[in-house]
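You will see chain A twice below: alongside chain B first, and alongside chain C after that.
Showing the complex of A and B:
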C-alpha cells in the first residue's frame, strides 16, 4: 500500500503532464465545433458561420429562420450542456476515487445517482417536468447523501468503508423506490417517459435548461478545483492525512457535497448517464498521472469532449435518438475493462 | 355518406344470445379456448379491451375486472358518464404492467380472462395455473383488431353483434380506400403522429404501425417513414428535417395541448404548424389513436382533415349513430364538442367542418 501512497504527492507520474493540456483543449474545441455542424437537419458550414457571426453582431436578437433556430436554440445549448455534464461527471468521479483511494468508485457508490433518479422519476410520475423535475432530482440526490452521512457517522467519526457501505444501502433503497415508481406508473403515459429519462438524453436541452444546470455544475467544479491540493492529501491513508494536519471528515464531506451538486444537476437535466465518472478519470490518469492538481482539469477536458462526441453520435446516426446511457455503457464497459487490465499490470501487486 | 350502421342500430339490442352449445375458438397464441357457455364474467387485463367489451355487449355487467389504467380512462372519459356503474368494477386484478394478480382474479371469479399474447409465460401461466379460462390477444393491426373483437364476441355469445361492428369497419375502410386510390403521391400530405410529446417526442416507422396504416388509408404519407422498427424517440431537429404537413398529437397525455407545437420555436416553423394543420386526437369511448371499437370514426375524422376537398363525412352524425349502436347513448352537442376538443382546436385549419350547425 505504501508504494501507492508515496506516488500520490509526487508530481511526475505521467509521461507528458503539462504538454497534454493544449492538445486536450484543442480536442474539446474540435469536438464541440463538429457537434454544432452535425445534425439530422442539413445546415451547410458557410451558413452556420453566417448564423453565428450574425448573432455575435446582434447578441440580443432572436433567430427567425428554421436553420438559425436549429443552430442557436437546439444545437448550441445541447452541445454546451453535454460538455458541462461530461466535465462535471468526470471530475466528480475523479474526486470521489481520490477520496476513497479506490479506482472503482463513482457517484453511484454514494447513492447520489439513485437518489436523483428517484426524485426525477417521482416528478415525472406526478406529471411535473422542467424546473420541478430538476429541483426534485437534486433534492433527493442531496437527501441520499445526507442519509449516507447519518448512517456512516459513528461516534462522531466517519470511516471510508462505512461511507461506501452506507452508500450502497441508500443507493439500493432508492433504486428499489425507482422500481416501485415504475411499477405504479401508467404504461400509457408516465412509464415510457420515466424509462426514457432514466436511460439519459440531452434531447430536451434548451438555453433555460442550460441556465438551470450551470450554477450547480460550475459551483461543484470550482469547489473541487479549489480542493485539488487537499484531494492529494485525502488520497493518503487516514492516519497519514491526519498527521499532515488535514481533517479528513470535513474535507471529505466538502468533496461529497460538490460531487452531489454536479451529479444531481446532471441527473436532473439529462437523466442517468453512467460510466463517464469511471472511464474518464482512468483515461486522464494514464495521460497526466495521479496528481489531482493535473487530474481534475484533465478529467474535465476529457469528460467534456467525450460526452459531446457520444451525444453527437446519439443524435445523428439514426432518425431515432439513441439513449445516451446505452451508448456510454456500450463504449464505457469495454474501454474500462482494458484500462483496468493495464492499471493492474502497471501498478502490480500492492 | 351514411353507413349501414345507422339502420342496424335499430335492431341491435333486440337480439339476445341463443347459443346453448359449447363455444370453441382459437386465440392469438394458437390456444383452443373452450367454454361450456357464453362467458358471463370476463376480466380484461389489456387496456383497450375493457371498453371494447362494453361496446360489444352494449352494457358493463359482464366486465368484472379490468386494468387500472383502463378504468381511469373510462371513469374520466365519456364512458364513465354513459355507464356510471363502471366505477364499481374492480381494477386490482392486474398491475398497470399487465402482470396478473391471481388472488384478486380468483376473488372476482371470472369465467374468462383476457390477456396479451406473445409476452411470455409470466403473463399467462399464473392465470392458467389458477385453473381460469384464458384468451390471449395480439395488438397492432386492423386485421388483428377484428380477430380479437370477434373472439371476444364469440366468447360472449354475441356473433350477430360483432358482424355488425366489423361490417361497419369494413364498409368505412372500403369507402375511404376507394376515394383515396386515385390521389397521386405528391398530393398526399406527410403526416407525423406523436405518441409522446410532452417531454420526449416519440414517433414510429410505417411497418406494422396502426396509425401509419390509417394515415395512408386516408390519403396521407408517414413523415417518419425512415424510422426503423417501432416507437422511437426523436429530436425536434429530426422533425424539422422531415417537415411534416400535418401533425397529430396523441390523446394519451392528458395535459398535452396544441401549444406544445405552436409555441415551440422549432416545431412552430414546420409546414404543419404554419398552415394550422396540427390536431390532438379525440378521446371518445376510448382514445381514438390506437385500434378500438370507434376506429372508423378516427378514419373518417382523419380523412376529412387530410383531404377536405375529397371527403365530407358528417362526422357529428356518424358519431351519434355509432354511439347509439355501441353504447345505446344519445350524444349531445356538448359531448361531441368535448370528444373532438372543439374548444381547443376549433380554429385550426379545416376544423370548422366539425363544428355544430
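Showing the complex of A and C:
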C-alpha cells in the first residue's frame, strides 16, 4: 500500500501516512458482517444487508422472521459489543504504553484488570448485576491504579520501572482477593457465575448490555482521541515534556482514568479479556508507526476487528463456546512473541 | 531574562548552593562550569523550575527553550515531528500543531543547518544530529531564553565545534538569554560572555569570562593544575589546559 497516497499537509514529516486506514476500516466491516452471518444458523450477507435496510426504514418495528431475530436481537449487539470492547482495550493499551514509554505495559500489567475483576466478582457474590457490577468493576480498577500510583511514588518522583513493579504487586494482590471470593462463593450458584464471567465472554450480550457499555467506553475512547497529540509529548522523558509546557504528573492521570474507564467497563460486560491491549498496539505500530495521532485510531480499528474475529471463532469452532480470555491468550501470546523478536531485531540495527 | 534570586538548595548534608543570585540577561550567554557531580544539572533544573528550591525565587519566561542532555532517544518520529513539538506549548491539552507550526519548525531546522534531517527518523540519528534537532526544537518554541544541559559532553570533536559554533551564532544575534552547562573551560571561552563556577561547598563564583577563566580559579575548580596555552596560526588564541596534557611523544 502506498503510504504517501493520502497526506495531511504540514504535519509531522510533511505528511502522515493515511493509506492504511481505508483498508483497516474495510477489514473491520468485513469482520463484522462475517460475524453477524456466521454461526449455527447461517445468514448470507445479502440477507443481513436486507434485514438491516428494512430495520433502517422502519426503526420502531419488530423482527418477524427467524433470521431477522437472530441478526437483530442476538448477533448484532454481540458483534457491536465485541467491536467496541476491542477498540477500547487496544486504545487503552496503546495510550498506556506511550505514557509509560514501555511496550510491555497493558491494563493487566498495571493491575487495573485484576482490580476490576475483584470489583465485578464481589458484585456477583453480593447478587448484583448491571450498573452496580459496572460501577464496582470501574471503582476497584481505579482503586488498583491509585494504589499503584501511591506505591510507585518515591520521593515525589514516579519511575516507570517502579510503576510496573507496583502494578504486578497490586495485580497479584487483587488476583488473590478474587480467589478468596471464589473460595467464599456458593458452589451451586455464584461460583460458576463468577468463574464463567472471569473467563470472558460476549455470549450474554444484549442491546441493554451494550447500552450499559457504551458510555464508559465511548467517553474513554473520545478522551484518548482528544489527547492523541499530547500522548506524543507524554511519551517524552519527563523533564523534556515539562519544558514543552506539559504537566506529565497530572496529564498522565487523565490517560489513566480514560484507560481505567474502558477497562473497567469491558471487564464488567465481558469479563477479563487479556492480551488485546498488549498485542494490538504493537501490530498497529508496525503499520502506521509511533505517532499517536495515527496509532490511536489504528489501534481502535485493529482492536475492534480482532476481537470481533476472535469472538466469532469462540462461538463457531466448537459446539460449546470457548471462553474468550482463553482464546485471546492462545492467539495473543505467540503473536506477541513474534512481535517482540521483530522489535528487538529492529532496535538492534544501527 | 532567566535566573534565580537569593536561592538555596541542599540535599541532606550536601549543599549545592546557598543564597545564590544568578541571572542571564537577554542578549547574554552564560556558561555554568564545574566538575562532574557538583550539581550543574540540578542548578539548571532549579532555574527551569523543575527542582523545588529550599528558599529564594525564580524568574523565567513561561516557556524556556530547553535542550536536554539525553533527549527522546527512543522516539521513532521524524526530525521535523520532533522539532514541531516545540510548538506544543502554544496548543494546549487537546491541541494539534498546524501548518504554521510545521513552517516554524522547518525554519528552525534551517537555522541550525539541519533541514536534511526533517524526514529522517529521530531514533536512527547520530548524537550530533539529534543535538541539532533538539536545538532546533528549543528555537521553535520561540522562547526568549535558551537553556542547554551539557550540549557538548556526548559529542565528538567535530560535532562539539558545530554545536559551539551554533551557540556562538545565536549568542551574537543578541536576541536571547542563553545558559548552558559544561565541564570544559575552553567551551566557555569559545561562546560565553559570563561564567558561573560551581566551587566546592556550594560556593558559586560568577563574573565575565575573562575574569573567571584564569589558571588560579580553574586549578581550584577542578583540583588539577591548569595553564594557558598559546596557539598561533592566523590569529593568536588561548586555551586552558590541565597539566597532564601536552606530553611530547614524537
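The rule we apply is simple: the second predicted complex is superposed on the first by the 305 of 350 C-alpha atoms of A that agree within 3 Å, B and C clash if a C-alpha of one lies under 4 Å from a C-alpha of the other, contacts with A are read in each partner's own complex, and residues count from 1 in each chain.
Definition applied: contacts are C-beta pairs under 8 Å (C-beta built on N, C-alpha and C of every residue); 3 or more make two chains touch, one makes a residue touch a chain.
Predicted model, so just to flag it, every value in this text is computed and none were measured.
> Which holds for A:101: it touches chain B only (first), chain C only (second), both, or neither?
Second partner only.
> For A:245, decide between first (touching chain B), second (touching chain C), both and neither.
Touch status of A:245: second partner only.
> Can A:315 be said to touch chain B (first), chain C (second), both, or neither?
The first partner, chain B, only.
> Quick one: is A:41 in contact with chain B, with chain C, with both, or with neither? Answer first, second, both or neither.
The first partner, chain B, only.
> Report for A:232: first if it touches chain B alone, second if chain C alone, otherwise both or neither.
The second partner, chain C, only.
> Please indicate which partner A:293 is in contact with in the superposed arrangement: first for chain B, second for chain C, both, or neither.
Second partner only.
> Contact-wise, after the overlay, does A:128 reach chain B, chain C, both or neither (first, second, both, neither)?
In the superposition, A:128 touches no partner, neither chain B nor chain C.
> After the superposition on A, what does A:197 contact: first (chain B), second (chain C), both or neither?
After superposing on A, A:197 lies in contact with chain B but is clear of chain C.
> Spell out the residues on chain A that touch chain B in their complex, using ranges where they run on.
39-42, 63, 65-66, 69-70, 73-75, 124, 127, 129, 183-189, 191-193, 196-197, 201, 203-204, 315, 318-321, 323
> Mind pulling up the chain C residues that touch chain A in the complex?
For chain C paired with chain A, touching residues are 45, 48, 50, 62-66, 68, 70-72, 74-81, 84-86, 88-91, 93-103, 118-119, 124, 141.
> Per the contact definition, I'd like the list of chain A residues that touch chain C in the complex.
9-14, 101, 226-227, 229-230, 232-233, 235-237, 239-240, 242-246, 251, 289-291, 293, 350
> Note which residues of chain B are touching chain A in the complex, please.
Interface residues on chain B, with respect to chain A: 47, 69, 72-73, 95-98, 196, 198-202, 224, 226-228, 232-238, 240-241, 252-255, 265-266, 269.
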